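Some notes on the structure that comes next.
A, B and C label the chains in the order they appear, each numbered from 1.
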Amino acid sequence: MRLDHLIQILLPHDEKFYTFFEESAQNLVNAATILPDLLRAKDIDRDLVLNKIHDLEHGGDSVTHKIYGELNSTFVTPFDREDIHLLASALDDIMDYIDGCASRFVLYKIREGPPTMLKLVEIMQKQVLELRRGVSMLRDFRDAAPLQKVLETVNEYENDADTVFEHAIAELFEREKDAIQIMKLKEIYVMLETATDKCEDAANVMESLLIKHG
Amino acid sequence: MRLDHLIQILLPHDEKFYTFFEESAQNLVNAATILPDLLRAKDIDRDLVLNKIHDLEHGGDSVTHKIYGELNSTFVTPFDREDIHLLASALDDIMDYIDGCASRFVLYKIREGPPTMLKLVEIMQKQVLELRRGVSMLRDFRDAAPLQKVLETVNEYENDADTVFEHAIAELFEREKDAIQIMKLKEIYVMLETATDKCEDAANVMESLLIKHG
Amino acid sequence: MRLDHLIQILLPHDEKFYTFFEESAQNLVNAATILPDLLRAKDIDRDLVLNKIHDLEHGGDSVTHKIYGELNSTFVTPFDREDIHLLASALDDIMDYIDGCASRFVLYKIREGPPTMLKLVEIMQKQVLELRRGVSMLRDFRDAAPLQKVLETVNEYENDADTVFEHAIAELFEREKDAIQIMKLKEIYVMLETATDKCEDAANVMESLLIKHG
């Protein structure tokens, strides 16, 4: 039996949920960290990067299903079943958008992402780092202030992302004259911006946990 | 008084909800079955097919409103009011996307759908057939395993749909050189793919019913 | 101390929520009223109109956060905490789409909106006027019929919006030959149509309040 399996079996149920959420958020951090490698026109093996992101996405799926499975078999959960379900789904959604963005970059054979696209990726990286910090704070609600601060920061980054996104699209329409190229890049921009929205969704579920348990 | 009205009045409330959900899912099966007729460049009366789908959509709306009305007038429901509401909405959403896809096919004067588009429709057909089986299983929760299997199948088809969709769009960008044609076909692909997502949403509501009542 | 601050402090909690919702809905009415100024090719200062809409959006954000803050500090609320949260979010979403539509109109340097676009804005204006009436009715649930009527009207307008939207896009593909111009206008159409969907979402939350408290 592998050590991590043993730990999972021995941990009390509450601990498992916290551990799963941390694992899920760490997966997001890992995927967001390597995503920029695809956007830079370097001599790298793009399929290798894409496969790494796919692996992290599969890993995320597997954690999400462990959470759902645990929900089915656990009588007492630290929070409402529905909220645990919602938070797991929100984290899963973020990964789906990171993965979808990476896939499209390779499928559409885009050589290099515009600098503004990298800027949007960086904002999203900061959000998932905050979410990673935030889910760790779920273990102890006695002081709500630090988590509240983290959630506000995630939402502020989402506002930044909105502004960057809006100007990125205007710039794209202004500079790029090939309609098909506009469509491809615009789709990736929309996916990145949606990833930042989903980070806000995850923060909002945690905010509602704060309202109920804080 | 028509026979079906009489049956509705005499049925106990629980039975009505189950019957409505089955009716709603059967409408989806009927619409998904004739949708491919629009995509094939045959000598058929397209407006006739479109009108049939519109009729099924109106029929679906009417069942959805019967469910909401029954919710307003019934004290005891087999599941949480909110879950009944959510499932009815999810089934309604699937129909809206099938109908929207059919409308756009005719409105945008598209002669023939690419083979990959037909493939996506076929996946969605399989999903609504599974959902039709799934809602019938809501009548008896004593054995959760068969419903669990159905819901997993719906989700697996959604994964298949994601892969087909992704490659369909890449192929479209590669082969089609008319940007406007790309926009039209892409929009229909997105609606089809969203229909398969909504099937997953319906399955997820049923999964949450399983969690609560299973 | 400003008079409105004093009123807020002295009002009982229930009154505050009702007042906030009315304020939020009134902001929507104000923004929807000036939006058409951007679509008409008149000699007006477009940045001035855009800034007014941005101000209303910021005002709306601030009311939304007051609602969330009040939820955190109030023990007894007139409705479920989650429903208050959902209604506040739905109203906030409508404003985001009005604001996003205005921003894109200016950012994409569109001289004049097609007549059908104005028609869609007018439907959305009627919806937010109904929502403004509807939130006032939340103060007194003893007679559910008038609110039920308002919510049905919002949903009927949403159906109208769907039809106008569908034909607007078909018309756009038919008449406009510049693919980039199609993309710009289509994006604004989609945002407007989404605003009308979000109005329906707000109406649906109120409908679910009716189901629970009516």
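Convention: a contact is a pair of C-beta atoms (placed from the backbone, for glycine too) under 8 Å apart; a residue touches a chain by one contact, two chains touch by 3 or more.
Remember, it's a predicted structure, so these values are computed and weren't measured experimentally.
Chemist: Same or different: do the copies chain B and chain C touch each other through matching residue numbers, with over half of them shared?
Modeler: different
Chemist: If you fit chain A onto chain B using the CA atoms, what's the rotation angle, as a multiple of 5 degrees?
Modeler: Rounded to the nearest 5 degrees, it is 120.
Chemist: How many angstrom lie between the centres of chain B and chain C, each centre taken as the mean Cα position?
Modeler: Here chain B and chain C have centroids separated by 29 Å.
Chemist: Among the residues of chain C, which are close enough to touch at least two other chains?
Modeler: Residues 179, 183 of chain C touch two or more partner chains.
Chemist: What residues on chain B touch chain C, complex-wise?
Modeler: Within the complex, chain B contacts chain C at residues 68, 71-72, 81-82, 85, 100, 103-104, 107-108, 179-180, 183-184.
Chemist: Can you tell me which positions in chain C touch chain B when the two form their complex?
Modeler: Result: residues 166-167, 169-170, 173, 177, 179, 182-183, 186, 207-208, 210-212, 214 of chain C touch chain B.
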